[in-house]
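I'd like to ask you about the structure that follows.
Chains here go by letter, A, B, C and D, matching the order in which they are written, and residues are numbered from 1 within each.
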Amino acid sequence: MTYTLAILGCGVMGQALLSAIYNAPKAADETAAAFYPSKIITCNHDEPSAQQVTDLVETFDESPNGIKVESTYGHNVSAVEEASVVLLGTKPFLAEEVLNGVKSVIGGKLLISLAAGWTIDQLSQYTSTVCRVMTNTPAKYGYGCAVVSYSADVSKEQKPLVNELISQVGKYVELPEKNMDAATALVGSGPAFVLLMLESLMESGLKLGIPLQESKECAMKVLEGTVKMVEKSGAHPSVLKHQVCTPGGTTIAGLCVMEEKGVKSGIINGVEEAARVASQLGQKKK
Amino acid sequence: MTYTLAILGCGVMGQALLSAIYNAPKAADETAAAFYPSKIITCNHDEPSAQQVTDLVETFDESPNGIKVESTYGHNVSAVEEASVVLLGTKPFLAEEVLNGVKSVIGGKLLISLAAGWTIDQLSQYTSTVCRVMTNTPAKYGYGCAVVSYSADVSKEQKPLVNELISQVGKYVELPEKNMDAATALVGSGPAFVLLMLESLMESGLKLGIPLQESKECAMKVLEGTVKMVEKSGAHPSVLKHQVCTPGGTTIAGLCVMEEKGVKSGIINGVEEAARVASQLGQKKK
Amino acid sequence: MTYTLAILGCGVMGQALLSAIYNAPKAADETAAAFYPSKIITCNHDEPSAQQVTDLVETFDESPNGIKVESTYGHNVSAVEEASVVLLGTKPFLAEEVLNGVKSVIGGKLLISLAAGWTIDQLSQYTSTVCRVMTNTPAKYGYGCAVVSYSADVSKEQKPLVNELISQVGKYVELPEKNMDAATALVGSGPAFVLLMLESLMESGLKLGIPLQESKECAMKVLEGTVKMVEKSGAHPSVLKHQVCTPGGTTIAGLCVMEEKGVKSGIINGVEEAARVASQLGQKKK
Amino acid sequence: MTYTLAILGCGVMGQALLSAIYNAPKAADETAAAFYPSKIITCNHDEPSAQQVTDLVETFDESPNGIKVESTYGHNVSAVEEASVVLLGTKPFLAEEVLNGVKSVIGGKLLISLAAGWTIDQLSQYTSTVCRVMTNTPAKYGYGCAVVSYSADVSKEQKPLVNELISQVGKYVELPEKNMDAATALVGSGPAFVLLMLESLMESGLKLGIPLQESKECAMKVLEGTVKMVEKSGAHPSVLKHQVCTPGGTTIAGLCVMEEKGVKSGIINGVEEAARVASQLGQKKK
C-alpha cells in the first residue's frame, strides 16, 4: 500500500521530518515499508520558502525507500486532496488560516499536527482522525522526543504508521491528551531546562579553574554518558546515584549541598510553571 | 611496535577498559595499530577475581586488533617486568601496597593511574612517566569522560597511545593536574548530579500526571537529545536556550522560576563543595 | 567452653543486655552455645542498685542457656579476675574511675565498652582486646542497633561471641573506628531524630483533623510498615517511593513540597551537626 | 455461620488480602472463626490474570481456617450473587464499570471498597452497607495500615468481621469519612514520606563516611527500633526524645539544627499538600 503525505507548512520542523523520513534506512520488511509514503508533497506559502525545500531535497541521495518529493506553494488544496496523510507543520497562529483553506478536502484524511496548543477537539473540526504531537528542538537533529495523543477515531492499524514516521526524529511516547500540557513543559520546554543545567555544570568547571571549552566538553559528556548508563543498566536513577557515592566522599558532599539549595524542587517548580502557562495559553485559544 | 599492557587491579573499571581495548574496532592504520598492545596481562589479588576476568574474556570474540589476554593473580612483579605500559586500576587505599610490591620493576614504565586522589608527585616515586586519570561510572558502558594529566617526562609520542586506550571508554580531555580536584567534582561526581537532575525531571512529569515510566523515558530523551543538539549545532547553550523560548511562552516562564529558585547557583555550589572535599581528601593523603 | 561475663555498671543499658542475654532462646548448636556465659557477675556501686538487679533477675524464668547470675557491689576486682569477658556499662564520666579500679586484673580480658566517646586507644590502656560499641535506647526493648569497632588484637574467633551477645539487643553492624562519630550521630542520636519525624507525622494528622491517638497509631504503623516493606522487598527506597506515586496524585504532590522545604537536607544537616559535636566531645576527653 | 467472599479485581492489593486471609492462623474461637469465609471467589477481567491468582493459590498450603478459593474471570455477576461480602479491589478508574456490571445483584451485600477516592455516598448507590478503606503499599507485606469508614447501615455486628479481614494485612483504624482525605495523605502517601526520611538518614551516614549498605541497615533499624520503643513503652514521643538527649550532647545539637531547618514544618506542609490534592481529586470525580 503506498500513499502520499502532504506537509502543510514545511519550515524548520517540517523540513526536519521531511529529511528524516526521506532518508530513513530501507524498511526491514513489507509491513514497515507500507508505513512510508511513496510521495511527499511539501506546501509552503511562497516561492522562496518552496525553493528552500527544493534546494534541501537536492542535497539528498536516492531515498532508501524510493520516496519522491514535490515541493509546492499555493497548492495546499490539491496536495491535501491527493494525500491520505497530512502533516501540519505551520506555526500555531497560522494553523487556523491554513486548515480553513483545505477544509473542503481534508475530511477523512489522517491529520498529524505539530501545532502547539491546538487540541484534538479543535483539529477534529477538520477531520475525525487526528493525532496531536508535542515534540522539541532536538528533533531537528534526529534526537527529539515526541509525545503523541490520538482522537478516538484513529484505528489501531493507523498508529504504527504515525509511530514509524515520528520515530525518525526521536523517541515516540503515546500519552492521553490530558497529559499534553505536562508534555509541553517536560518535552517541549525541556531542552531549555537541560541547557540551563548544562550551563550550570559548565560554569562550575569554569569557576573551579577548568577552561571554558573543556568545561563544556566534560559537562556535555557527563550529561550524555549518565543517561546512557541509565538506559543500558535499566537501573533506577537513585540506585545508580548512590553507587557513585564513596562514603564521606566528594559526590555525597556535593549532592547534599544541591539538596539544601533546593535544586530538585527548583527544577520541579519550573517545569510546573511551564505546564501552568501551557494550560493558560490553551484556555486563551478556546 | 607491539607492547604488553599490565592491568594492576582488574576490577570494575579495569575490566571496562580491558573489554573496551580488546574489542576496539580494527585500527585504521599502522600508526593507530601501534597504540594497541599485542598482549594484556591482568593482575588480581586472588584466584576468584582472576577467574572472573578469565570468564569475561571467554565471552569475547577474536580481538579485531589481535590482542591476547593472560589473567593472573599473585604475579604482579613478572607482569610489570614484561609490560611497558602499566594501568593501575586498584582502589585508592590499596594502591600503595600494590605499587610498593612492584617498585623494583616499574621504573621506566608508562604508568596510567585510575586511583582517585593519587597525585603525579606520589606516583612519580615509582616511575617518572606517569599519567593521572579521573574518569567516571558511565565508562563501564563506554560512555565515560576521562580527564588526563601527565608528568613532565611523558613524551609527545606517548600521549596519543594513552589517548587511544582511554578513549575506548569515553571522551579523553587533557588538563593540567591543578584542575584535578575540579575534574573529580565535575567528571567523577558529575553523574550523580545529572542523576539528581534526571530524577527532578522524572518527578516533575509524575507530579503533572504523566505515568512514571513515560516520565522517565521523556526525561532521559530530553537530556540526551539536548546534549546531541548542542554537539551537532556547535552552538552556545544560551543561544539554543533562547531559540526554544517562544515570547511569553511556557519555556521562559519555567526558566524564570528555576532562576528564582537558584537552580543554577545550587548546582554550582554543589560542584564546588565536591571539589572542596576532593582537595581536603587529597591533603589528608599527603 | 564456658566462661564468666562481668558487667561493670549494671544500669539501664547493662540490665537490658543482662536480661536479653539471660533470656536468649536456647543456642541452636554447640558453637553458638559456647558464645553464652555460664555465669554473669553484675557489679554495681552500692547496695540499692545491686538489689535492683537481684529483683530484676528474680522476675526471670530459668535461662534457656543455663546462665547463672551473681549480683554484687564493691567487688569489681574479684568479678573481673574471675571473668574472661568484661562489659563496661557505666556512664562515660564514671568509666575512668571504674577501669582504674580494676587495672590490675583486667589485662588480657576481652573488654566490650558501651561508654560513649571512649576510644579504642583509651580503652587499650587497660587491655589490648577491646571492642567499642555505640548502641541506642531501643536496645532496652531488644530493637536496638549496635555499631561495633574492634582493636587489632581481637581475633576473628572472638568477634562471633561479641556479635552473639550484642545481637540480643538489636542489629549488630561492624564498622572501623573512624566511623564512630558518624555512628554516634546516626545510631546513638538517631532515635531522637526519628521521634521528631514521628511527631511531625502525628501533628500532620492532628492538623488535618484526625484525633491524636489515631494520628499516632497511623504514623507509627506507616513508619514501621514502610521499613518492613524495604526489608522484605530488598528494593532501593527510591524505587519503592516512586511506586507509591500515582501520576498527578497526592503522594508526589506531598513529596515535592517536602523537597522544596528542604526536609532531606534539614535531616542530613542535623545528623552532620550531631557527628560534629560527637567528634568535638571526643577531642575534649583526650 | 460461614459465608462466601467475592474479590472484584484481584490484582496486587486483592492478592495481598487473599493470601493474608487464606493463610491467617486458625481462629482462636468460634466467634472469630465466623469472621472467615468458607469460600473466596476471585474475579478478574481476563484469563491470564485469573491464571495468576490460580498459580498463587497453588503455592499455598492448606488454609488453617479451611478456606477454599475459586479463581474466575468474566463471572462477576454469579460470584457477587453467591457472596454476602464483596471486596472491591479494582483500580479507581475501573470501579464504575465493574460496579455497574453487578448492580443487579450487589444490593444488600456488605461492600468493602479499596478504591481510593470513591466516597461512601457513591458506593451506596450499589448497596447500603458499605465500608471505605484507605490502605497502603506495606499491606502487600502484611505490614499495612488501613483506615476504615462505614456507612450508617453497617451494623455493630458486621464491623468486627471487616476488622478481622482487614487486620490480616495491617493495622485497622476506624475513622469517620470526613478524615478520609487526611488518611489518604498520612496512610496512603505516608510510606513515600517515610522512604524520603529513610533516604535522608542513609545519605547522612554516607556523607559521614559510613558505606552505603551499613548506612541503609543502621537507618532502617533506627527507624524500626524507635517505633517499637514507642509502642512498648507507651510513652509520648517527646518524653522519649528528651530521654535520648544527654545535656550539651550530640542529640540535642542535631535536633536543634533540624528544627532550625524546618524539618518538622516541612513534613507537616508536605502531608497537608497531599491531603489538599486528595480532596481536589475527590471533587473532580463528583
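The definition used in the following text is that a residue touches a chain if its C-beta (ideal position, glycine included) is under 8 Å from a C-beta of that chain, and two chains touch if they have at least 3 such contacts.
The model shown is predicted, which means the values in this text are computed figures rather than measured ones.
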{"item": "Which of A-D and C-D has more C-beta contact pairs", "value": "C-D"}
{"item": "Centre distance in Å when chain C and chain D are each reduced to the mean of their C-alpha atoms", "value": "32"}
{"item": "Between chain C and chain A, distance of the C-alpha-averaged centres to the nearest whole Å", "value": "57"}
{"item": "Chain A and chain D: spacing of chain centres that average the CA atoms, whole Å", "value": "41"}
{"item": "Numbers and ranges of chain B residues touching at least 2 other chains", "value": "199, 202-203, 205, 207-210, 215"}
{"item": "Pairwise touch network: line, ring, star, complete, or other", "value": "other"}
{"item": "Chain D residues touching chain A - in the complex, by the definition given at the top", "value": "199, 202-203, 205-212, 215"}
{"item": "Touching residues (chain side chain A, partner chain D) in the complex", "value": "238, 242-243, 245, 247-248, 252-253, 255-256, 259"}
{"item": "Complex contacts: residues of chain A adjacent to chain B", "value": "136-141, 143-145, 147, 170-171, 173, 175, 178-179, 181-205, 207-210, 214-233, 237-238, 240-241, 243-245, 249-251, 253-258, 261-278, 281"}
{"item": "Residues of chain A touching chain C in the complex", "value": "236-239, 242, 256, 259-260, 262, 264-265, 268-269"}
